[in-house]
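All chains are identified by letter, namely A, B, C and D, in their written order; residue positions are counted from 1 within each chain.
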Amino acid sequence: MFVVMRPNSAEEQVQNVVRLLSDMGARGHVITGATRSVVELLEIGNRLDRTKLERAPGVEKVLDEPAPILAADRAAGAHPLEIRLGGRATLGGRRIGVIAGPCSVESEETLLEIAVGVAEAGAVALRGGAFKPRTSPYSFQGLEEAGLQMLAHARERTGLAVVTEVMCCEHVERVQPYADVLQVGSRNMHSTPLLKAVGQQQKPVLLKRGWCATLEEFLLAAEYIIHAGNPNVILCERGIRTHEEYVRNTLALSVVPEVKRLSNLPIIVDPSHGTGRAHLVAPMSCAAIACGADGLLIEVHVDPKRAWSDGAQTLNLDEFRALMQTLPAFARAAGREA
Amino acid sequence: MFVVMRPNSAEEQVQNVVRLLSDMGARGHVITGATRSVVELLEIGNRLDRTKLERAPGVEKVLDEPAPILAADRAAGAHPLEIRLGGRATLGGRRIGVIAGPCSVESEETLLEIAVGVAEAGAVALRGGAFKPRTSPYSFQGLEEAGLQMLAHARERTGLAVVTEVMCCEHVERVQPYADVLQVGSRNMHSTPLLKAVGQQQKPVLLKRGWCATLEEFLLAAEYIIHAGNPNVILCERGIRTHEEYVRNTLALSVVPEVKRLSNLPIIVDPSHGTGRAHLVAPMSCAAIACGADGLLIEVHVDPKRAWSDGAQTLNLDEFRALMQTLPAFARAAGREA
Amino acid sequence: MFVVMRPNSAEEQVQNVVRLLSDMGARGHVITGATRSVVELLEIGNRLDRTKLERAPGVEKVLDEPAPILAADRAAGAHPLEIRLGGRATLGGRRIGVIAGPCSVESEETLLEIAVGVAEAGAVALRGGAFKPRTSPYSFQGLEEAGLQMLAHARERTGLAVVTEVMCCEHVERVQPYADVLQVGSRNMHSTPLLKAVGQQQKPVLLKRGWCATLEEFLLAAEYIIHAGNPNVILCERGIRTHEEYVRNTLALSVVPEVKRLSNLPIIVDPSHGTGRAHLVAPMSCAAIACGADGLLIEVHVDPKRAWSDGAQTLNLDEFRALMQTLPAFARAAGREA
Amino acid sequence: MFVVMRPNSAEEQVQNVVRLLSDMGARGHVITGATRSVVELLEIGNRLDRTKLERAPGVEKVLDEPAPILAADRAAGAHPLEIRLGGRATLGGRRIGVIAGPCSVESEETLLEIAVGVAEAGAVALRGGAFKPRTSPYSFQGLEEAGLQMLAHARERTGLAVVTEVMCCEHVERVQPYADVLQVGSRNMHSTPLLKAVGQQQKPVLLKRGWCATLEEFLLAAEYIIHAGNPNVILCERGIRTHEEYVRNTLALSVVPEVKRLSNLPIIVDPSHGTGRAHLVAPMSCAAIACGADGLLIEVHVDPKRAWSDGAQTLNLDEFRALMQTLPAFARAAGREA
């Protein structure tokens, strides 16, 4: 249980709640957020009087687990963030930003060709995995160090910001010199040590929603990062696992306006993983922009059929260019630019 | 198992497949679709030679269950349908159509006020339930006959087409004199006797996706109606049941472009049931249009807080008017009109 | 919203609640259950005082939708039911009952062979569909009348009670002369007109859980039947649709002890549909008995590979006999007999 | 795509497949398993001839992603494992093993009281988290080092093996001196760096199924550990996330017999997380044993209402003792001992 204080309640009021709890035989653990405090209840016995707590000065409400959002809480006054990716590009401002590139970094030549192509088409950042989370230990696990160097080289040549995945605490330090944005993938959204590690450095973090995570778990994963010291979190909806069979995942777009309502963080959409089908990427990109997304994350390859992973959901450069030309009309309809 | 013939294969080729099956100890049941035939395999033994069937003249492919789409199959040349709702309104053409109204018909006065309001805002049809499928037998079950009369009266006054739900075969005849479009609700999408019954009359059918139905089941439910004699089926995505908690259902919009690719039927989206939250209806309406929906189905009430059912997901007239003004920009971006 | 009265509260107390509501500008609709009444709130305005209602004499609690269980409510004193299937067999008593037979009735000869086989192995009832709910209109839809006659004939020969499915109101009357138990299938659990129809006759009803239904929806579907006049409802867990791929459905066995705790109705388990895999039927049957199920529903065929439907999940007679011999040890461990 | 060789096919046959692939313009990556090899296909072009590969000497079959199980493959002759936990206890043999203890280690005194209680009741190992994966950064995160020391102390006093969770690579080394079995929790089942890390040490690993993982992903997570060098993996079903609301998770027991059929690894069941409700733990424990589980993982606390986490699903010592007395009858019915 949690006693949520009103924004800017006095320290004295918080201490009063702690005393009340002590009188009721429980213990209160104070959590200090950006705009307000919350008191967690430990060792709750049978003398607890919920109504008394609800009526104490400065208390907004009493909640059961899990804990509320604190740092990114829009309702408590947190201002919408515009996050700089590296170079001139930002996400969360008026302009829609598109991050594009291959699933895995495969070779210097292929990566450069893709990077130049997506940059010319208007992308603001390059995605590409050097460490790959694969279902099977017998599948390709990524080029690691060599892949990171290729990404850095592509950045030099194109000016694109580089977004790449970290899968464990040890990766964070290794990836830092090469990346502008650190991605925490869907499989690792629940890994709290990793969330703390990316929170203890200052590059922006692209946090993908776990494929079975609730919205609350998603927002609280962001809170881990912010709480550890890094407020620059970009959320990414990438589809959830459902009973549907014609798609790899069900792209759950209503999370976009809900995140905008609850939190101050930018949110982008990955229609490549979110559908798993290349022919659905363009229409779902338009839908994402229409409901308020701040950007897109799209898998692009010079030859999707020869891609080492995720070929079925990857656009070729022609398809990507065509998509980029359809976005501005939807962005304008949504009061944005692209 | 099914042997799918090529479009327009000769009757002789179909009979040849049946003979082959007989020689292999199985029995073939011929199904004649709009543009091609399919042979279902019954009493399959261990003498079946799949490769031999695949190579027989006129055969396109051999499939395991469930049966393929036949009537509405876009790949086999079925032309996209534009369906007349009654009066001048259509769905499936260039113009986006919006169907709006209360969850339940509650009273003459309230219904008329809503109908006039949504008509003025640009809706083409009025929704409203006289027979209500409720989870509990102790909840309000609908005004039945009296509700139907109120709907017909609202139609006279506003010129709106009337869309109302039928829940069993007996309702089909009762509703006919009052409705322009018969709705089969999400709870009854799997009711094959009902699908056959609405297929044996000629008014258009609005078929809502079962909240746990696969895309294949959804399209085959439409096939039941078409196979029984009524080609005028309007599909409606209304959200599926998932692990998400902040919404009543997960609106699975990628079904829209996929239905457009596979089938010749129009598809609309119900963001009211598809989210269960009034504040999400407008953004998800825009997203639906952006990814190609032919229209929307929206719950509107003069006073959502006093609605007898579904208040939390219902717009008031001001909110509905505001939504209607945002749609044209998205429709134009999608190459349509609104 | 609902005001739930205590069991056996006075009529005067109920009327007092209705008056209170009227004073608060709302309307109360009284629902009279087996052991207590519930007042549904309609036309709720902003003058409602929830605390005042909670404190009114005879009131147990105030609930938001959906409505509570009334008729089968164990907590309100409803006594566990033992339901007679026809002949001497019962479900819900000390003895575990097994219902077995083919998915579809296919022919007189095959049905009799199966019926004799399962009877000798110890089954108490014969299952078999004459009306089949199929995903595709092009699949076999059942032998209808002819199938019903075969079932009745098998009953004469073996003494087994006959369980068969009804899919719409019209079927109820047609099936009555031939069946001992009317089955409402998973696809139709949400069909309230059908629930009312089987509630208006007196043969026991086997109600299968909808594959995406919550426990509350399942119990309220039973309430529809009981509320219409027929208390003899046997619940059946048959698996839910989840993300799992190696099974057709996920058998959700914890519903068994939970139903026993909440309701007075017997509950059986269908491991054939609940897994979709013949090799999982035996272990899941044992698990079902271990956690308190009153019986099993099992698909059996003389030659599963030649069955017209559901072959992959069907046992042959040898496998069924072997299963029946393993059950008594588990039944005894669970304090029952088999 | 993968070419799966027959068990014990000759090295020459494997190299022949690689040559064939090269001739078809693709690249083959050989993976050497315990009993057979698999060739992964990379850079597949349009000259690939699947039939030719299927017919090459020594080839069993050609599969699309994801990769097959190699190390633990029962069909390829891997022998069922009996894994020693530390001390005399084993899992996977004839005797059912029960691991019990609190969700979190809270204090020396409480832990000892629980440990002594569960040991006397017949548990073979003590569970307890020192590193806790919590949804919120504001919740209690575990006693860390101090908690590990308490576990080691409880082991000395009771002789119970100690099972505790590791959440990242760095934990593996820290936990080793204190634990007999390293647990990888549901949230981290997809963390491949962690799977590799626990695979590079020799203590047995308790691998919990991800709450949204497929069976294939679960078995392949085990393959990561085995492939890294540690064959001693104990699988644990702990419930999956579904639409069900009356339970915290849906315990999907059919995974137990399926794992037994496919793999040589022991599997236990966690009915505490698998239901989230203390009153469902006992019946689902019996069901787990009935369908073939090798053991149970159960949350026990001296005073569940005062537990710092998971109180609602935790048994007290009396309830645990009662459960332990009901298990032997089910174990015997399943041909085991308890």
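Simple rule for what comes next: contacts are C-beta pairs under 8 Å (C-beta built on N, C-alpha and C of every residue); 3 or more make two chains touch, one makes a residue touch a chain.
On a predicted model such as this, the values are computed, not experimentally measured, just so you know.
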{"item": "Most distant chain from chain A, judged by the mean position of its C-alpha atoms", "value": "C"}
{"item": "Between A-B and A-C, the pair joined by more C-beta contacts", "value": "A-B"}
{"item": "Chain centre separation in whole Å, for chain D relative to chain A (CA means)", "value": "29"}
{"item": "Intercentroid distance (Cα basis), chain C paired with chain A, Å", "value": "44"}
{"item": "Rounded Å distance, chain A centre to chain B centre (Cα mean)", "value": "35"}
{"item": "Chain A: positions in contact with at least two other chains", "value": "212, 216, 241-243"}
{"item": "Touch list for chain D against partner chain A, complex", "value": "2, 29, 31, 38, 40, 42-46, 65-67, 70, 133-141, 167-171, 187-188, 190-196, 210-212, 216-217, 220, 223-224, 227-228, 241, 305-306, 308"}
{"item": "Residues of chain A that touch chain B when the two form their complex", "value": "212, 214-216, 240, 242-247, 250-254, 256-258, 261, 274-275, 277, 279-280, 283-284, 286-292, 326, 329-330, 332-334"}
{"item": "List of chain D residues in touch with chain B within their complex", "value": "212, 241-243"}
